[in-house]
Amino acid sequence: AQAGPAQAEPAPEPAGEAAGTGVVPERVLAKPPVRKLARDLGVDLAQVRATGPGGTVTREDVLTLANGNGNGNGNGTAPAAAA
Amino acid sequence: MPNLPLAKAINAGLRTAMERDPKVLLMGEDIGRLGGVFRVTEGLQKDFGEARVLDTPLAEAGIVGTAIGLALRGYRPVCEIQFNGFVYPAFNQIVTQLAKLRARSQGRLELPVVLRIPFGGGIGSVEHHSESPEALFAHVSGLRVVTPATSADAYWMIQQAIASPDPVVFFEPERRYWDKGQVETDATLADVAPLHRARVVRRGEHVTVAAYGPTVRLALEAAEAAAEDGTQLEVVDLRTISPLDVGTVAESVRRTGRLVVVHEAPTFGGVGGELAARITERCFYSLEAPVLRVGGFHLPYPAARVEEHYLPGVDRVLDAVDRSLAA
Amino acid sequence: GFPLGLIDADGQPTDAGGVLNPPPPEALLELHRRMVVGRRFDTQATALARQGRLAVYPSSRGQEACQIGVALALREQDWLFPTYRDSVAVLTRGVGGVEVLSMMRGEWHCGYDPYEHRVAPQCTPLATNALHAVGLAHAARLKGEDTVALVLLGDGATSEGDTHEALNFAGVWNAPVVFLVQNNGYAISVPLSKQTAAPALACKGVGYGVPSLLVDGNDAAAVFAAVRCAVERATAGGGPTFIEALTYRVDAHTSADDPTRYRDDAEVQAWLTRDPLARLEKHLRATGLLDDERARAVQEEAEQVAAEAREGLSAEVEVDPAALFEHVYAEPTENLLEQRARLLDELAEEEQS
Amino acid sequence: GFPLGLIDADGQPTDAGGVLNPPPPEALLELHRRMVVGRRFDTQATALARQGRLAVYPSSRGQEACQIGVALALREQDWLFPTYRDSVAVLTRGVGGVEVLSMMRGEWHCGYDPYEHRVAPQCTPLATNALHAVGLAHAARLKGEDTVALVLLGDGATSEGDTHEALNFAGVWNAPVVFLVQNNGYAISVPLSKQTAAPALACKGVGYGVPSLLVDGNDAAAVFAAVRCAVERATAGGGPTFIEALTYRVDAHTSADDPTRYRDDAEVQAWLTRDPLARLEKHLRATGLLDDERARAVQEEAEQVAAEAREGLSAEVEVDPAALFEHVYAEPTENLLEQRARLLDELAEEEQS
Amino acid sequence: MPNLPLAKAINAGLRTAMERDPKVLLMGEDIGRLGGVFRVTEGLQKDFGEARVLDTPLAEAGIVGTAIGLALRGYRPVCEIQFNGFVYPAFNQIVTQLAKLRARSQGRLELPVVLRIPFGGGIGSVEHHSESPEALFAHVSGLRVVTPATSADAYWMIQQAIASPDPVVFFEPERRYWDKGQVETDATLADVAPLHRARVVRRGEHVTVAAYGPTVRLALEAAEAAAEDGTQLEVVDLRTISPLDVGTVAESVRRTGRLVVVHEAPTFGGVGGELAARITERCFYSLEAPVLRVGGFHLPYPAARVEEHYLPGVDRVLDAVDRSLAA
């Protein structure tokens, strides 16, 4: 599927939830295919540095860590990417 | 290959079914001399007589209840419910009897009854004439629920519904009655697509849009518009609501990763929720975005003057597509 | 003789076998005035439908004796439960012409406050309103109020199960309710002979212990008298009454209907000779109650009412889509508030583009 | 006099005003035999319900004249549309005792082939079956078959809209159908006086142009004769008949009911003096048709039927949960096949553990 | 604080409501002298008289239709539908009238009617006595739909339903009628939880299980069993079906990442689909597994002998929990 449009706009939902409630989500946020990718690559999502909108882990984040050139921050709650 | 308005295609399908099988009867309010308020049965009483095209008393439970009795002796009654909002007096007969007598008799009683119900809005009508109650029937086991979106499907699906050994609720999209389409009348029932299969009516790689009945054309219009912006929508005409052909949709979603469901009925408790749940179960790891639903608000269907605000339009579909792509 | 009548098709008085009390002169004049107005209003509404100002209009032309007879026979405290066909009765009860036509205009609501004139919203799902009338009548009894409910039904509607349940509850509860069936010969295209095998719809009361009358529904005096009689019985604790009023729908079922498909013009012509308005006018002229001057004044009033309807309906209405969400529940649910917000966003965006 | 009867409570012949033809002696003997069997079966079923062998059982004790009169008056080609209360009529029509009780035993199906004895599944949603009977009767007419449909209804069921719609369709279609209401005085706890204000349920036919009879429902000869008469009329093209049979439910509504909450024992005792079986027996003994030997033989047969039911119901049935999925549609849907597979997996797993 | 079976708690709630407001009326089949087939109205006719506790003729449309008329004059009728399978004759009155008259009159007509409907299976009954039709009412706007799972909720929710200015369909879990529970009768209506809020009835971190009415106890039993294996289930009692309190469930799912919905109604077109779709929309990025549904098969509810195979039990819930955890 296309990544283009998805990067053009922040995903409203996780950003909204996190910002709206002021509650830091306890779980790593990632869409299902990204979760699967991580699992397939043996990557622990909690170790991935999340750069997606609303603190979500993106496919690239997983690949970055899997390729060994990322530094996980360990909590998966990176600040929301600038919109 | 005639070019027929959808209403005329149903008329032709009814005629063909009546010619083929003398046990096919039509019953309903004003379907005989008047030819029905939408003229779907026009000319049939004249050609097949009053014994086969019955103007019944004004009582929907009576229509469905006596149709059950007729079916017990081998008839195949096709009942017209004049408008969607007037099916409820028959609901008891439909839910507790029509849907269940086969099971209650261990399959010994067969009720090949078809209920034709015009549904959906957009024709500027008054209250109770534009509703979309299909979810209420889909939830009831023992019924089959289908809806054609084109003249060709209308012609063939009504015949398949009549041929079905099970009760079929056949929803007819009111605002498509006058839409014309080519109908291949030379095929045979065995040749055409099965009644309970969805169909991909436009290919596209970015987002799958599932629609049925009146919203199929809407989805196609949205696809045209999206294509201008470089987004390719894959449009699935569900055709069958119960059973749902989840497989065809899942196959598409596994490719696109995204699904938008469009219907006129309120989203709350509607068919879209079922499809969303099923697709999410089946395609969880393919989903780049949650399944989004575009449908009516959870309101009584508002009459003519306000319906344009109520009905899902191209913009709402495109907005959902955008939201899906943005996730 | 049957049906009971007080003024025959030629305007001559008959005696209704002594069963009905002839209305006093003022009442007859008032019946006449309101019928003239009602007919003019009805013609106007039909024209507005033809012009697309109304989504649809079901005319009651030819049924004015019922529409007006009922509306005038009810007392202020009584309740009327009308159908889509009964705009003239609703108008006569005091609801404004534009409001009466709201539903037909395509609004999402009935257009008037049911409590103001004690008129329920005009009802489309046939026969459902009969049960509401019985419930309301029973409420009056429980409260010890002197209120009678009258429900209007068509001949076709008598076939629905709800009519039967309503008659039955009314009988058992001895409720102060009047069932008035305008037997206008057709349910859209279906003639009475395909609707029932009963010798008369009025026979139905027997099966519920509900006294019944068969009246000439084109005789406003008879309808008025019959309803008055029923209201008085109800008020005195005598319970429900079923009245069949024999009449005819002169116009199409609605502005969307084509009656030539199912009935002969000869039949229509025959009924036109029994016109309710013409006969009352003849009667009033013959008895000297109506003169040209009054007739003219009445006609002018009718034109006035028609003009108001015309103007009211040509004025563009502000449509507030947000209002759709207001009255589904006493307080909108979160779900509805979200949906409304989404709609308002859309509209704001449209504004901009 | 009303209700019409042929044999009074003391076993004396009456003349039913000449309206009903007294059944011939063989018919009376057969009515007696089947009533003895039917009552025994009913008692047995009640006992089985008490023992938990049936989920519930609605007894027809006291109503045997209706149950048997109807079942014997119908011809082989005719159809019976019974309710939950009519197990004895269904049994008498030829369905096996164990099959008759399937539903009450907690099966998911009616237990018999409706086509074998032309008996529709016993119907629980009240009055729905009346419309099926009318439709089936109309089908017979369309086919030119000499078949009459008879539907059994309770007094309570006459209040449902479906009863009304059925009578109306029957009248309009002139369908060969018989409506037989067993007015047993109660709808569970609700007495007839709260069910209708009609002087008699039989009055209802008038409103549909359907000829009606009020018969003594504890007089098997009268019920038999009335149904025969109605069947003959229908066969001759005379259309529907409505029969009210006045009777009494001697036992509780069902085995789960406690009738002492809503009726006096005195009332029950009074009705016991009008017992349908005792009166026919008296009559047959007085006329010399029945002697001790035959009475003993009949009683033995009854014991035999009861024993079969007892044994049949004490045998454990194989429950095949997979069968649930077989007959919802002619062919199970994919969805149902998946669900069935899931259930079978579960069961297999349970087996193992 | 009395310990009451759920049926008695409703009885007590009705009594309190009738004492507080003379406009509260009870209507239905056999509710007076008999006290209802489940004895829920026992003793009320004796104490409040026949004018306030009406044994009606046997006609469900009649009951609901006349209740509407009574409500138009300020009464608050509480109608008992004897069993779930017998509500359909009233469906037309409920859907086209009860639900819509407020909107049709721009809010001028208020219909504070309560329909009490015993629902669900597990009591060894015959056909039409054990069905779960709540989804059919939830889809209809203008109705509120709720169901209590405990005696305490039963006592308060019935009073809240009666106090509601809107029509409320009040589903009573048949197989919990005899379950006892503490009821704090000294509180006031203002103190207790609002009618339309779900409630977390057990905390747990691994999987959220949402249930309502008869399945709440089932979910709690499953949670007990799972805990033995070290899996902590969070159990949410939905309490309200329309409107659905999605927020409370979402809050839980954002923590657990997993949701299983349990009801007795067929999953196809059931309330679980709506909840699954809504939760997936709201919590897409938190979901470790697709929302799973445990519910009835898409069959006519089978009578006594077979219902144990039909009804969702603890094993089926635990199986779904395992599948969710395995995703």
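Read from first to last, the chains carry the letters A, B, C, D and E; within each, the first residue is number 1.
We take it that a residue touches a chain if its C-beta (ideal position, glycine included) is under 8 Å from a C-beta of that chain, and two chains touch if they have at least 3 such contacts.
These figures come from a predicted structure and were not determined experimentally.
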{"item": "Distance in touch steps, counted as few as possible, from chain B out to chain D", "value": "1"}
{"item": "Set of chains whose contacts include both chain D and chain A", "value": "B, E"}
{"item": "Pair joined by the larger number of C-beta contacts - B-C, A-E", "value": "B-C"}
{"item": "Separation of chain C from chain E, taking each centre as the mean of its C-alpha atoms, in whole Å", "value": "40"}
{"item": "Centre distance in Å when chain D and chain E are each reduced to the mean of their C-alpha atoms", "value": "36"}
{"item": "Where chain C and chain D are represented by their mean Cα positions, the distance between them in whole Å", "value": "44"}
{"item": "Multi-chain contact residues (two or more partners), chain E", "value": "56-57, 59, 61-62, 85, 88-89, 92, 96, 103-104, 127-128, 141-142, 244, 268, 281, 284, 287, 290, 298-300"}
{"item": "Where chain D touches two or more other chains at once, by residue number", "value": "108, 125, 159-162, 165, 168, 172, 194-196, 328, 333, 335"}
{"item": "Of all residues in chain A, the ones touching two or more other chains", "value": "11, 13, 31-32, 35"}
{"item": "Interchain contacts, given as pairs of chains that touch", "value": "A-B, A-E, B-C, B-D, B-E, C-D, C-E, D-E"}
{"item": "Sites on chain C touched by chain D in the complex", "value": "159-165, 168, 171-172, 174, 194-199, 201, 203-210, 239"}
{"item": "Sites on chain E touched by chain C in the complex", "value": "51, 56-57, 59, 61-62, 64-75, 89, 92-93, 96-97, 101-110, 141-142, 144, 164-166, 196, 243-244, 247"}
{"item": "Residues of chain C touching chain B in the complex", "value": "55-56, 84, 103-108, 124-126, 156-157, 159-162, 187-190, 194-196, 256, 261-262, 317, 319, 321, 324-325, 328, 333, 335-336, 339-340, 343, 346-347"}
{"item": "List of chain E residues in touch with chain A within their complex", "value": "254-255, 257, 281-288, 290"}
{"item": "In the complex with chain C, residue positions of chain B that touch it", "value": "29-30, 32-35, 37, 55-62, 85-86, 88-89, 124-128, 268, 297-300, 302-306, 309-310, 315-316, 319"}
